[in-house]
Amino acid sequence: MIDVQNQPDTRKIKIRQAGVSRFRLPLLISDDGKIQPVTAEINFTVSLSEKFRGTHMSRLTEILTERVSKPLSIPEVENILNEALQKLDTDFAAIKIDFKFFVKRTSPVSGLVSYPDIDCEFSGELHKENRMNFSLTLKVPFTSLCPCSKEISDFGAHNQRSLCGVKLTFKDPDKLNKIKIDEIAGLIENCGSGQIYPLLKREDEKFVTEKAYNNPKFVEDILRDAVLAVRKIENLSAFEIECENFESIHNHNAFAAYGEKLFTDDAEN
Amino acid sequence: MIDVQNQPDTRKIKIRQAGVSRFRLPLLISDDGKIQPVTAEINFTVSLSEKFRGTHMSRLTEILTERVSKPLSIPEVENILNEALQKLDTDFAAIKIDFKFFVKRTSPVSGLVSYPDIDCEFSGELHKENRMNFSLTLKVPFTSLCPCSKEISDFGAHNQRSLCGVKLTFKDPDKLNKIKIDEIAGLIENCGSGQIYPLLKREDEKFVTEKAYNNPKFVEDILRDAVLAVRKIENLSAFEIECENFESIHNHNAFAAYGEKLFTDDAEN
Amino acid sequence: MIDVQNQPDTRKIKIRQAGVSRFRLPLLISDDGKIQPVTAEINFTVSLSEKFRGTHMSRLTEILTERVSKPLSIPEVENILNEALQKLDTDFAAIKIDFKFFVKRTSPVSGLVSYPDIDCEFSGELHKENRMNFSLTLKVPFTSLCPCSKEISDFGAHNQRSLCGVKLTFKDPDKLNKIKIDEIAGLIENCGSGQIYPLLKREDEKFVTEKAYNNPKFVEDILRDAVLAVRKIENLSAFEIECENFESIHNHNAFAAYGEKLFTDDAEN
Amino acid sequence: MIDVQNQPDTRKIKIRQAGVSRFRLPLLISDDGKIQPVTAEINFTVSLSEKFRGTHMSRLTEILTERVSKPLSIPEVENILNEALQKLDTDFAAIKIDFKFFVKRTSPVSGLVSYPDIDCEFSGELHKENRMNFSLTLKVPFTSLCPCSKEISDFGAHNQRSLCGVKLTFKDPDKLNKIKIDEIAGLIENCGSGQIYPLLKREDEKFVTEKAYNNPKFVEDILRDAVLAVRKIENLSAFEIECENFESIHNHNAFAAYGEKLFTDDAEN
């Protein structure tokens, strides 16, 4: 059977990324020694030489399908990319693996356990004969309470759900096994006016209401506190943070964004 | 050219709805004497006799395309459905037209004008030799403030953006020209703890913060107040209401729903 | 601490559904003797008497949270609803549990195994002192190839991905343990022009291309074949089917819908 | 009334972007001498000095609200950004304006006119005392037909809807008035196996079916042809292209991406 993908191409254009997107797969994510089953959505691509017409995409889905029911840790993502480099005989591979990750939280007064979910993305890029460049993205929900509204009002203050997205790029690929999703999510949660919980009893609700009122923060405050928190994470080479407050007094959002390359003189912000 | 759609079918199944979905079109909505251009997404279907294999869908998109740049009032929806009955020689036609509708609002203290958007749906159904059955659905955003949180906390109270969806089904098709989208949206907005505005100055923000604090409402309170408000709308035969609070202390929502058939003894709720 | 929810209400409106929506939870779905971990999104509500102001929503999230890491079969949904009736002292409870469910499929020629996902919803409603009314909704993807396009064209025929949603309502609650999600998904897949697979080698691609060309179907054909297939499922009291073709020659979809109450004289279609 | 936003900040973090997101507004887009009403969703931000605690976001929504019912051409976006720099006394402003833009197309045989929609984004960035950096993003739908499937199959070939997103960044801000959205969309449409149309009669359907069969293209072919087409657009400084085929034989997509900085020696691809 003819291999149409292998036909020569004359357009002289090397493609950086060709592959599959929105590929869904059940995976077992390994984080901090614990295994969590997730429903993943995956984009998986390789570079395509200017010499050939097409990529052999079924090899990519084959590599992914073999991962079903085997634990997947972050360092293991590099092996997936190496497998793609070899099986597709190419010089660059990239993967994004998106899933909801559940963390365990305890309500502040009654001590009830519940499991909020965090949107999580593993993003790996690998150039041939190099090591993987890995980024972890988390989108962490919490409460924000407006300092202006509190200050100018005789009572009350508008507050709302917020979402803070952090994209962390790591330096040393040999230390990726030290990343703890749950712990990083906890760092970010603490940058809002208060944490959110799926399960709160009345004594907890009193606590979180008063805590948020005592801890008013603009979206800019949250962003800056997240910058300070993220800078303390080990082994980072760069990070980006976006924060969005789903304003209760508007039908639009308040938004703030920041990016930083670490250990360089010309940090872009 | 052979008409495959017209081939006889032996499966003896009459289809209630066959047609097009997610068809997008620029329309000019006529409401209360004013014309508003909108970007509409449309589902448009007709029944298909058990005798034939398929519907002639291009006639449906043709009917819709002819409506571009002509004002579309609610009563005019019946004409679209009648055109479908005739051009497709069938006995039932249905249409759903979804769009964002902008209303004009004035901030409570500074008097600044801005334009919040309301998700709006026109839904019409027409049986041959009958009149159109028409429903209007609006999804109206506002603020809600939790009465429990206010009561049990020494200061503050959690609040959030809420969305109230009302589906109103009307009785007399000859009175559909009296429906005013903007006015109905206003009725629903008033059922929350406070209205939302795209544009607020500080004096307005103080006002809306304090108003919401003075007007705490559970999602159930909002729903019940919306039921009372909707019952006063003229010419209704039935309605459904759903209200969702995007809880600031959780990452899930509080939800309440209610349905009522009017002018009957066995009102379903 | 005062129980604001328990305050008397004077509006005389009984609410059919009050509770939580978009509550996400990791669950272990039990189907046909096998356990599958899923990421669920849940709406869980109870009726609220006209006498009281609000529902105690944290009891609902508590009931759900206790289900983490325990297998959940369809009959078990009735126990969740009964727990809600008791813990909230009310007369009606409803739940919708949505998740992606992976099925195992083997490519037609090379025999490679892969795991397409099906959107799945468990929907249960329980009136006090009654048995649960249960519906299963599946949204199954496959290929459709247009009979008209094939017939009128000298070569080729437009085809596309399609999605068929079936909502099945069951009669006897004691037979719910016999439902097999995977098997029902298979029935529906066979109603298109061809099945889809996440993993296909060239010999498989030839097979599925030719099979679809030999099996052209309008969205109306697919719907009718799905009606015939669904009618054979045991223990049904009613069903609804919607089918949507993501037309490759348009940027809108072709759509068809059908509903049937079984074992009645006036089947609505 | 105290200006909390103006409070000094000690965290020494300059924020690149603070403002509003998902702000919806009815706008009148001016393209190639014609005015088109659209429903826009807008992100509008400014930089915030490390000296101050917060941005005055209501000034941003005020600037936007004043644009209602006035024609908005691409060069006019620079005026909006300049207004933000002045009214917020800052050194950087950015805006993204997203809307569905309808183009006029004529079916290939019957000559019927219809209006497919293109997702469109205006993206402007302005540093103080500089000129605007402007990018136009279009997401253009069309048909793709698989060359491999055609070649290896005795008859037929799988085909599907595709979407090609191009982000074009322009060089000379004085030539932005020459951009024609409709024309660029047309360039991209021609890179697929065939165009799509909202309205096709049978003779048109035969034409587009046969044309696609005669013009098979991988997602990589489409991407490369789009690269060649885009390189001919005047006044570009850089571009990115992403193409996605909604595979009819899979429930995932085929994907390819390319980026290029023009007029440099080390074009990144």
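Just so it is clear, A, B, C and D label the chains in written order, and each chain counts residues from 1 on its own.
Keep this in mind: a residue touches a chain if its C-beta (ideal position, glycine included) is under 8 Å from a C-beta of that chain, and two chains touch if they have at least 3 such contacts.
The model shown is predicted, which means the values in this text are computed figures rather than measured ones.
Asks: Residue numbers at the chain C-chain D interface: does the shared fraction exceed half, giving same, or fall under half, giving different?
Replies: Same; most numbers are used by both chain C and chain D.
Asks: If you tally the C-beta contacts, which comes out ahead, B-C or A-C?
Replies: Per the contact counts, B-C leads.
Asks: How big is the gap, in whole Å, between where the Cα atoms of chain B centre and where those of chain C centre?
Replies: From the centre of chain B to the centre of chain C is 25 Å.
Asks: So what's the Cα centroid distance for chain C and chain D, whole Å?
Replies: One centre to the other, that is 36 Å.
Asks: For chain A and chain C, what's the span in angstrom between their mean Cα positions?
Replies: A distance of 29 Å separates the two centres.
Asks: Considering chain C alone, which of its residues make contact with at least two other chains?
Replies: Only 1, 23-24, 61, 117, 148, 152, 198, 200, 202, 206, 251-252 qualify.
Asks: Could you pull out which chain C residues touch chain A in their complex?
Replies: 1, 3, 23-26, 36-39, 58, 61-62, 65, 68, 99-100, 102, 112-115, 117, 198-203, 206
Asks: Using the touch definition up top, name the residues of chain C that touch chain B in the complex.
Replies: 1-2, 4-5, 9, 11, 13-24, 43, 45, 48, 53-55, 57, 61, 147-148, 151-152, 218-221, 223-225, 227-228, 244, 251-259, 268-269
Asks: Using the touch definition up top, name the residues of chain C that touch chain D in the complex.
Replies: Where chain C meets chain D, its residues are 116-117, 141, 143-146, 148-149, 152-161, 194, 196-198, 200, 202, 205-206, 208-210, 212-213, 246-252.
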